[in-house]
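Chain IDs A, B, C and D follow the sequence of writing; residue 1 opens each chain.
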Amino acid sequence: MSLIVAAFGFGLVSMSIIAISAVGFTMQFGITNMINLAYGQVMIASAYAAYAVNNAGVSIWLSLPVGAIFGAVFSFLLNRLVYAPFQRKGTNLIGMVIISLAVSLVIANVMLPIVGYYSVSYHQNPGTTYHLGSIALTGEQILIIVLAVVVMLVIYALLRFTRLGKAMRATAANPTLARNCGIPTARVVDLAWLITGALCGLAGTVAGMNSDSFSVASGSEFLIPIIAASILGGAGSPYGAMIGAVLIGEMTEISAAIISPEYKQVVAFAVLVLVMVLRPQGLLAKRGALAAAG
Amino acid sequence: MPVGTDPVAVTPVAGQPAAAERPLLVASHVSRHFEGVRAVEDVSMDVLPGRITGLIGPNGAGKSTFLAVLAGTLPASSGTITFDGDDVTALPAFKRARRGLVRTFQLPSEFGQLTVLENLLSAAPNNRGDSLGGALLGKRYWKADEDRLVEQARILLDRFRMSAKESDYASSLSGGQKRLVEIMRALMLEPRLLLLDEPMSGVHPSIVGEIADYCEALRDEGLTILLVEHELHMIERMCNPVVVMAQGSVIGQGTMTALRQQREIVDAYLVG
Amino acid sequence: MTYYLTTVLVYAAVDILACLAISLQFGVSGIVNFSFIIFQAAGAYTAAVLSLPRDTANGGFQTYILGLNLSFPLPWIAATLVGALLAPPIGLVVLRRLRSDYQAIAMLVLSVIASLVVTNTPAFLGGAAGLSLVPQPLSDKFNPYSDGYLWAYTAGALVLAVVVFFIAQRIINSPYGRSLRALRENEVAAKALGKNAVALKMTVFVVGGAIAGLSGAILVGFITTWAPSTWLYPETLILFAAVIVGGRGNNFGAVLGALLVPVGFEEATRYLPPFGPPGLIPALEWVCIGGLILGFLWFRPRGVLPERRRVFAARPQPVVAGEPNAGRD
Amino acid sequence: MLASHHRVGRGVGVLFAMLTLALAACGSSTPGGSTSTSSLLIGVIAPFTGPDAALGPAYFAACLPAARAINNAGGVMGHKVSCQEFDTRGEPADAVPAAQQMVASHSNLMAVVGCTSDEAASVAPILNQAHIPMFCMTGQSEFNKTTFTYFHRLVPPDEFDAFAMVGSALDHFNYKKVALVFGNDIGSQAFVGPAMAALQGLGATVTINQAIALGQPSYRTEVTAMLATHPDVIFTEALGPTDATYMAEVKQLNNGVMLPFMGTSATIDPVWFSAVTGAIGVQTVVDKFTAVDLGVSFSGPGYTEFKTNLDAVASQFPTAPKYSQRGATLHLYDGIIQAALAMDETKSTDPTVYNTVIKDVGNGVAGATTVNTYAAGVAAIKNGQKVRWVGAGGLTNYNQYNNSQQGYILVRYDATGNEIKFGALTQAQTAAIIAAGGG
C-alpha cells in the first residue's frame, strides 16, 4: 500500500512534466491546426541547449530559461520556415502530420552527429528529500511541481483574461472569421508558436532534469505520453491536456507499482484506447478548439 | 412558438390539384441541441409531394441544421421523422439516401479530384461493381451496369448543359457549375425528395435563374423538393408553400404572398 | 551476386506490396494508417510461429506461442488472413468517428502500444529478442541457400506482387474504387449520397491488412528472423514517403515509389564512398529521407505519377464542338 | 493522359531497373575506391543508427587500429587493408540487405566484425554462405553450438556473464539478497533466466526481478519497489540513459546512500561510465559499483601495440581512444589480426583456405611462436614458423564451435573511467555456478 502511495507521489512529478509539454502540444494543434509530431525532438533539442549552458558552469535553474527560449525560437522558426509555407500552399491536415514526422526525422538525425549518441546529465543538486507519509520528493521535484502549477495558472490567465488569449481562442475557433473581425491572426499564430515553443523547451529541460540522464533518442520516448495525454483530454483543449496529463502520469506510476514496471505504459495506453472507443472526441471535446475557457 | 400545423392557406399552383395530399415527409417535434445551444427546437412540418417547399429564415435560424437532421447528417436530439410512411429517425444518412431522401450542401461539396462524370457516377446506386467483391470479379462483371449509368449520367449532363465539362476535375469548376454537379449527382440516386441547401448562394446571377428553371422542371416531372434559400424572389417564384424559421422554430407557413401580410414574420425576417 | 540481387528483388516485392496497400488506403481512400507496420508484423509473426517447430526445439533458446511446424503455403495463407482479421478491431477503435489527422496519431499510438506489448511479453512472440531460425518455405525439400531456391523465391515473391498489383488495379478502376475516392474527397457528402462510409473504409482496411500480412510473410520467410526492432513506427513513415514520392492513388506510382525510396534510395546510399566519423552517413540517410518527403510535398505534392484522370470513351455521336474544354485529355 | 501515364510508368521502371543493374555491376566489378582487388576490406556490420547506435562506433574503433597495424607492416601479402561501416540500424530486416550488399559489391572482403545480438541471427547465415570469416559480438545462446564454420566469437554467451556475476556476488562479497534490474531489450534480458537459476541453485535470494522499459523519464516507482525488498546488491544492465536514470533515483530515494550495484561486461564501457557518473557522481560509481569482465588485463605487449595504434587513428576517428578499455573493441581487433595472419600463413586470400587456420592462429598449434604484433607475426611466418596470436585481449581459446572464453575477472572503475581488476573467478568456482545455473 505504501508503495502505491509513493507511486502516487512520483506520479505528481510525472504529471507535472507531461502537463507542461502536453499543454504546449495541444495548443499548437488547437490554434494552428497543426499536429506537430516533431515536438518531442524540439523538446530534446532544447534540453541540449540548456545542457550546453549548464555544462559551461551555469546553474540548472538559470539554464532552464535558456531551454525555454531555445524552444520558443526553434518552434517559431520551424513554423515560419516549414509549416506555415506548406499550410499556405494548401497542404491538407494529413499532409501536415506527415511533414511534421519528416521534420522530426531530420532534427533527430542532424542532432546525432552534433551531440552524439551518448546520454548526458545536468549538473544539478536534487536537494533534500522531503517525506510526507510514504511520499518522498526531492526539493528539485517539488520545485518542478510548483513550476508546472504556475505554468498552468499562467496559461489559464492568458487564455481567460488577456486580449491575446481571446484572440487565440477566436483564431482557433475560426481563423477566417477572426481575421475579418480585425484580429491580426498572423501575429497571433506567431505568438502562439513562441508561447507553445517555450512550453516545449521548458518541458524538455525539466524532463531532462527529472530523468537525470537523457540522449537524442529520448525525444521519441517523451512524445508518446504527450500525445496520449492530449488525445485523452481531447485534442486542442489545454484543460483537457491537463486532465490527460494527470491521468497518464498517475496511471503509469501506479501501474508500475501494482502490476509490473514493463507494462506501465501499456496500462496507460489501454485506458487511452478505451477512451477512444467510448468517447472518441476525448474527455474534454474540442469545442472551437480552445473554447473550454469561456 | 411552433405553428407548423397551423392551417395557413395553401394556394394551389396553376395546373396542380389542391387535394389533401399525403405528405411525403413528416417532421414531428424535431429538436437538435449542440452542447446546450438549441439550434432546432420542436419543429413540426410536412413536405407535400410534387411541390417545391421553401424554407426561409434569417442566418442562424436553424434551417441548415434542420435539413441536416432530416437527411440524417446530424442525429435528432428528439422528435421523429417519417418518410413515405416509415419512421426513418434512427436511420443513418446513407440509408435515408438509399430510400430516396437526398440532400445537397450549403458549402460546395463536390468530389474535387473526381471528374464531373465520375461525380455523377459515384452517386449512382445499383452498380454491380460498387462493392469489393464486384470490383474483384473484374470489369466484365460490372461493365453493363457502368455503361448504363454512364448513359444515364450523360443524359443529365446534356440536360444541364454540362457535357463539355464531363472530363474536367470538379475542383476546377466555377461555383455555379459545382452547384449543378451537386444537383445532378443527387439526381443520379433518383431521389423522391431532394433537400437543396442554398443551391444559389455563391453562384453567378446568370446561373441563379437557370438553377430555378431546372428545379421547376424537375418538380413538374414529379420530384418533391425542399429548398433552403435566401433569394426571396426565387422562393416566391418557385415555392409553395414556404416555411419560415427563426431562432430554431417555425414561425409561419403559407404562400409567400400570405406570409408577407403577417406582421411578425415581416418583422422577424422579411424586412429586418 | 545472386544473393544480393535476389535480396533486392524480394525486398522490392515486399515494398511494392506494402506501398500498394498504403496507396489503396491512403491514396485512394484517404485513410492514414500510421499503424500499417503492425499489420506487416502480424503477418510475419504469424508465418513465423506457424512454420517454426515448438519453442522447446533448438535448445529452447527462444519462446513463442504455437510452433505448429506447418508446411508451406499454410503459414503464408494464415499470415494474409491474420493481417485481414486485425483490421476490424483496429478499424472499429479508430476509423469510426475521428477526424483524419486525429486518426493518424491515434494509429501511431496503437503502433507503439503493440510494440510495447510484444516486447514485454517474451512468452508470446519472443519478446525483444524476437524469433529467429524461422524455416524458409519448403526448406525441408530444397536447399534454401542454392541459387535455384533463391531465384524461385524471388520469382514467387514477384509473382505475388504482380497478382496483388492487378487486384489493386481492379479495385481502383472499379465503381467501388470510385466510391472510395469519393469518400476521400468528402466523407459527409458521400454519406449523403448513400455511401456506407464505415463499411467502405473497413473493407479497404481489411484488404490493406491482408496485403500487409502477406508482405510480412514473404519477408520473414526470406530473412528467417523477426523482432520488435523490425517494425518500429518509422518504418511506416518510409513507406508513406515512398507512396508520396511515387504518386498516391496510382498503383504505378506506388510501385515506382517502392522502387525509388525503400529500395532505390536506400540501396544507392550504400554505394556512397565512406566519409566522416562512423555513423555520419547513416544519420544523413535518415535526414535525406525526411528531406525527400518535404521536397516532394513542396515541389510535386502529387508524386511522380499522380492519380490519373479517368476519361470515359466518347459516346457514338459527340455532341460538343467548339467548346474550349471539349475533348481535353 | 491515361495512356501516356502508362508509358511514363514503364519508362521510369525500365530506366530504374537498368540503373540498379548498372549500380550493382559497378559495385561488383569496378573499383569504387575501396573495392580494388589490390586492397582488402574489413566490414563493420553493426548498428550505427537506431537505439543501439553506440555499438557500431565501438567496433569501428577495433577495425581502424587493426588496419593500421597491418598496413604499417606492409599489408597482407602486399594488400592494404581498409575498414567500412555497414549500418544495420539494429534490426534484422535492415541488416539483411546491408549484409547482402556488402557481400555482393565487395569481393575483397577478408573478414567481418560486429554482428551484435540485434542482427546476428539474420547476418551470420548470409556471411557463412558467402564464406566470409566473421567475429561476432552476439551473446545469444543459439550460437553456443553453431554449425556455421565461418562464425567466430571471442566473447562468451550472455549467460556466462550472469554466472560470473553470481560468482562474484556470492564468493567475493557474500551477498545473499540480490535484486535483478535489467532492461527489457534483447541483450539485457538474456542474463535474467540464468542468473535467477544460478542464484537460487546456490541458496541466495532474488528479492525482485524487474524488467524495465528503456529510456523512460523516470523509474521512481520501480526503485521504491526494489528498495522495499532490501537487497544487498543490484545486478543490472540497462543501456542508453536508463541505468543512469535508475541509479540516480536509487541514490535519491535511499537518502543519498547508493546500494552496491554490479554490472555485466557491457557496463564496462566509456559511454555507460560517462552516463552513470554524470547522474550519480564519479565517487559513488568508484565506491559502489563492480562488474564482471572478460579476462582482459589491459597490459602486456599485445595491448600496448593495440593502444598505440588506437591512439594513432584518432586523426581519422577522434573518439576512438575512448575505447581503449572496451573488451569488445580489443577482441575484435584480435580477430582481425588473426584473420590477417591466417592469410599470411596460408598465403591465400581465399577464405575457404584461410578460415580454418584462424582457429590455429588463435589457439596456437604445437611449436607455434607467440606473437603480439602483426609485424612480428609476418616476420615469423616468413621464417617458416607457425604463429600464435596473443593480442590486446590476451589468450584465445576457440572450442569446436569457434567460441572462445577466457574466464572472468572482477573489476571496478577508477575515477578516470579505467577499469581496475580486483579479483578473478577460479575454474572450480565457475564450474559450480554454471552447473547450478544449468548452463
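One rule holds in what follows: a contact is a pair of C-beta atoms (placed from the backbone, for glycine too) under 8 Å apart; a residue touches a chain by one contact, two chains touch by 3 or more.
Here the structure is a predicted model, which is why all the values come from computation and not from measurement.
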*If we look at subunit A and subunit C, which chains touch each of them?*
D
*Does C-D or B-C have more contacting C-beta pairs?*
C-D
*By CA centroids, point me to the most central chain in this structure.*
C
*For subunit A and subunit D, let me know how many angstrom lie between their CA-based centres, rounded off.*
38
*asked:* How many angstrom lie between the centres of subunit B and subunit C, each centre taken as the mean Cα position?
replied: 42
*Taking each chain's centre as the mean position of its Cα atoms, how many Å separate subunit A from subunit B?*
46
*By residue number and range, which residues of subunit A touch two or more other chains?*
109, 112, 117, 262, 265
*asked:* If a residue has to touch 2 or more other chains to count, which residues of subunit D qualify?
replied: 49, 51, 53, 184, 211, 213
*Which residues does subunit C have that touch at least 2 chains other than itself?*
116, 120, 277, 279, 283, 286, 309-311, 329
*For this entry, which pairs of chains touch?*
A-C, A-D, B-C, C-D
*asked:* Which stretch or stretches of subunit B touch subunit C in the complex?
replied: 71, 73, 92-95, 97-98, 102-105, 109-115, 117-119, 121-123, 125, 127, 129-132, 134-136, 138-139, 142, 145-146, 150-151, 154, 158, 163-169, 185-186, 189
*Going by the contact rule at the top, pick out the subunit D residues touching subunit C in the complex.*
1-2, 5-6, 8-9, 12-13, 16, 19-20, 23-24, 26-28, 32-34, 44, 48-51, 53, 56-57, 60, 84-87, 89-94, 96-98, 100-101, 103-105, 117-118, 121-122, 125-126, 129-130, 140-142, 144-145, 184-186, 189-190, 211, 213, 317-319
*Would you pull the subunit A residues touching subunit C in the complex into a rising list?*
35, 37, 82, 85-86, 89, 91, 93-99, 101-106, 108-110, 112-113, 117, 224, 227-228, 231, 235, 262-263, 265-266, 269-270, 272-273, 276-277, 280-281
*Provide the residue numbers of subunit C that touch subunit A in the complex, in ascending order.*
26, 30, 32, 92-94, 96-102, 104-106, 108-110, 112-113, 116-117, 120, 234, 237, 240-241, 244, 276-277, 279-280, 283-284, 286-287, 289-291, 293-294, 297-298, 301
*Touching residues on subunit A, where the partner in the complex is subunit D*: 2-3, 6-7, 10, 13-14, 17, 109, 112, 117-121, 126, 129, 136, 138, 207, 210-215, 217-218, 221-222, 253-254, 256-257, 260-262, 264-265
